[in-house]
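Which chain is which? They are A, B, C and D, in the order written, and residues in each are numbered from 1.
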Amino acid sequence: MKKIFYQLALAALSLGSFAQNFKVPKTTEVWEPLPKIVTPATTPGGAPSDATILFDGSNMNGWQHTKDKSASKWLLKDGAMIAKKGTGELMTKQEFGSFQLHVEFNMPLDSKKVGYPDGGNSGVFLHGKYEIQIFDSYNNEVPIYANGMAGSVYKQVIPIANAMLKPGEWNSYDIFFTAPKFRYNGSVETPAYVTVLMNGVMVLNHFEIQGTIQYIGIPSYEYYSGKGPIALQEHGSEVAFRNIWIRDL
Amino acid sequence: MKKIFYQLALAALSLGSFAQNFKVPKTTEVWEPLPKIVTPATTPGGAPSDATILFDGSNMNGWQHTKDKSASKWLLKDGAMIAKKGTGELMTKQEFGSFQLHVEFNMPLDSKKVGYPDGGNSGVFLHGKYEIQIFDSYNNEVPIYANGMAGSVYKQVIPIANAMLKPGEWNSYDIFFTAPKFRYNGSVETPAYVTVLMNGVMVLNHFEIQGTIQYIGIPSYEYYSGKGPIALQEHGSEVAFRNIWIRDL
Amino acid sequence: MKKIFYQLALAALSLGSFAQNFKVPKTTEVWEPLPKIVTPATTPGGAPSDATILFDGSNMNGWQHTKDKSASKWLLKDGAMIAKKGTGELMTKQEFGSFQLHVEFNMPLDSKKVGYPDGGNSGVFLHGKYEIQIFDSYNNEVPIYANGMAGSVYKQVIPIANAMLKPGEWNSYDIFFTAPKFRYNGSVETPAYVTVLMNGVMVLNHFEIQGTIQYIGIPSYEYYSGKGPIALQEHGSEVAFRNIWIRDL
Amino acid sequence: MKKIFYQLALAALSLGSFAQNFKVPKTTEVWEPLPKIVTPATTPGGAPSDATILFDGSNMNGWQHTKDKSASKWLLKDGAMIAKKGTGELMTKQEFGSFQLHVEFNMPLDSKKVGYPDGGNSGVFLHGKYEIQIFDSYNNEVPIYANGMAGSVYKQVIPIANAMLKPGEWNSYDIFFTAPKFRYNGSVETPAYVTVLMNGVMVLNHFEIQGTIQYIGIPSYEYYSGKGPIALQEHGSEVAFRNIWIRDL
């Protein structure tokens, strides 16, 4: 509701009367709405006051398996949730529109040895559709196509940089996602956009997502509500996750 | 040079032959260029391996006064550089195009008492032209127009959120800036864009900058090289800065 | 080839050296490439010198049926080609990318009496995919949904105006079409756009086409070469066509 | 008012409920608003029923000199208004926002002999600011920079084609102009766009206007109401004009 008010207020700003006097500073001042107050985290990578905690290390209650909505069969160990082989993708029970997402992940030690495709392979699926790839891209050592490396939107774009750490070390993704909009006839009005930091380094800058990702074939958009869950892939590789939180944008 | 090669490679990707077989995964694989390897910082807010350090607490050698290019007259104290009243704006000796910038700042304890305009007032000027406002906006307490609060592009937009800490506490800005481009006749081809995190919280999301900021009057673009320094404002308020680094994008 | 040279030349214009002196008029002069010389028609609605004549009233040799590529079974009468009921859609043998298309059409006298859907119903399909609707919309009398009236991109947009003439009178469409572009992975890089004049009156202004039109369901793009034929619909209504020409853009 | 209703209706279309059933044709039908009925002209280049006639050959009452708003000193002869040397620019008394404009013009017989700058030189100034160049560009014979030829937005773009007729013959421009919009702080929200047909041939296709044109220096936008007059340049050349009409878009 607040958001709608905010948008209306901003819209109103562009209607301006044209008897404006731009020779005084007051003309270009806008006093409302005040921005929402958010208390930032006191620890690095921590959740701000308005975040929804998706995983804090204590339980996997917010997650279910994508294929049958069953309770998580992933491993809960040392404050991390681990993609147990053969259990399948997990997704949040809640859905989100546009958001800021923080997630930390750690590659298995055998990632490089196993190699593509199952070595150190996972992914964060935004709305369950758009994959920010997780892969053992440390030092560009494990061969894979560049638009499938960590930090890519899978098979859509090569990341700007590769700031991955070694297996065994915790990486972070900070993901800023703008949801797509659809028209009355179901066609795409505006596509989704994503900005990604990998360990604090920009790897995607307002990238226009080209549609639901595809391993084989052409990415394209299919009509939906514009909201969806966050999903984490299980791809035969025991990738660990921790400290996952999200904020509505 | 590398960047140009990268752009040509990406451009080539869109020319594709139309005898493509989208029924095999190989068709949508792109193997080059590999992303640049960057080693992330080992400390929160630290500089990645490819960053230029603009201020590390030891000296102000990279900075000069905007008005006369003289050596910095700001205070160097406890690893911070402090905007000494009456000394004027400082700017980097180096120029930058598109970049990722990290800067930390701390408001004077009297910011609220002094209030607008000189209480806790400063700003980060991208290319010396586009101000990301610094102001004591803690808890929305000090009255100022909303499009002049911390995290705004000054007099252009209200920030999405206010995640400022109290005077005496260190805040961070992570700023992702896309430089404007100009045409052969000097007109704006593409405007500048900026994304800003305040203490890790998104406050601007790919905002289209409207031109050089103005206290009085209308922001507009004026032709230049598309490169410029980072400047820090001195506005009668002893705002402290530390840990400033920048990476080319 | 010429086109590529032209685009390169324009691209070069945006790279300009920055030692430019904007105080002399010469700086903003561009001397090449000279525009292509085209001799306009000497009769209203006639074909310019660089046009491909698709139908001049003498034969239907440039056309074939869409379903089986057979020779036209439409009627050739009084210099017009008429959509004979039950024969099906006709399309050009040639394919085009971006273009300017002129086509004239005349509604059967029973259009209003028959009404929706078969009364005075046809359409111009750009690339065989994107329909500029032809319908007896004279005076808004025959009931149909507004985004299916003459001048609409069928089921995508309501035309800005309705300048249709009565059945028995010749209407013209002047259609300016920008072809879509696709990426290496088959996704849409830029959508198609269309501008349409109906009897000289603007009815669509640089409308962003939302994909292949659909009677039932959601319009979307499917990867193709970005070139295609012009097709004319046979929809149980003996709509007449004459004076059809096209120019590459 | 109608226009605002129309825009609201279109806006509403994008809000759609998400329980939509795209398996029935009804879902993608939109029944309102009906397009405005316009009766097209019965003569080539004639004014549609909703046009404002700016010049019909009988008088110059709708025009005044730009410099002092005095009555027209141009010549009225044989149904044409002619740019009498030394009298200066004429502009309409009325102002317009976005529009479709038709104007016909004829170059003096000595255009080529006089050559640049005063031979056959004039221009149509949209909102009095953005010049669609008029010049004797017949057959590319008179030397001038290409971005200053007939059909250019002067010193901004080379026209796509040159379809000019010889001096002594009547040319037409059909101009489709989208007015710029400005924000509350006076900055440009959306630039102006223009599409131009010269003698029925497309010479500009939704070109993004770069600002008020400049003979010397850089085109840029300056805040105004987004409405303005149509002006015709007197540039030492007795260019003739006839049949000028305009429709609001």
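By definition in this document, contacts are C-beta pairs under 8 Å (C-beta built on N, C-alpha and C of every residue); 3 or more make two chains touch, one makes a residue touch a chain.
Owing to the predicted nature of the structure, the values given are computational and were not obtained by experimental measurement.
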| item | value |
| --- | --- |
| Taking each chain's C-alpha mean as its centre, the one farthest from subunit B | C |
| Chain pair with the higher count of C-beta pairs in contact (C-D, B-C) | C-D |
| Mean-CA-position distance for subunit C and subunit B (Å) | 47 |
| Intercentroid distance (Cα basis), subunit C paired with subunit A, Å | 41 |
| Cα-centroid distance, subunit C relative to subunit D, in whole angstrom | 23 |
| Residues of subunit C touching at least two other chains | 22, 28, 30, 155, 183, 185-186, 217-218, 223 |
| Graph class of chain-chain contacts, one of line, ring, star, complete, other | complete |
| Subunit B-touching residues of subunit C, taken from the complex the two chains share | 13-16, 18, 20, 22, 27-28, 30, 181-186, 189, 223-225 |
| Residue ranges of subunit B touching subunit A (in the complex, touch as defined) | 10, 22-25, 28-41, 44-46, 48, 50, 100, 137, 139-140, 145-149, 151, 155, 158-163, 165, 174, 176, 178, 193, 195, 197-203, 205-206, 214-218, 247, 249 |
| Residues of subunit A that touch subunit C when the two form their complex | 155-156, 183, 185-188, 210-211, 217-221, 223 |
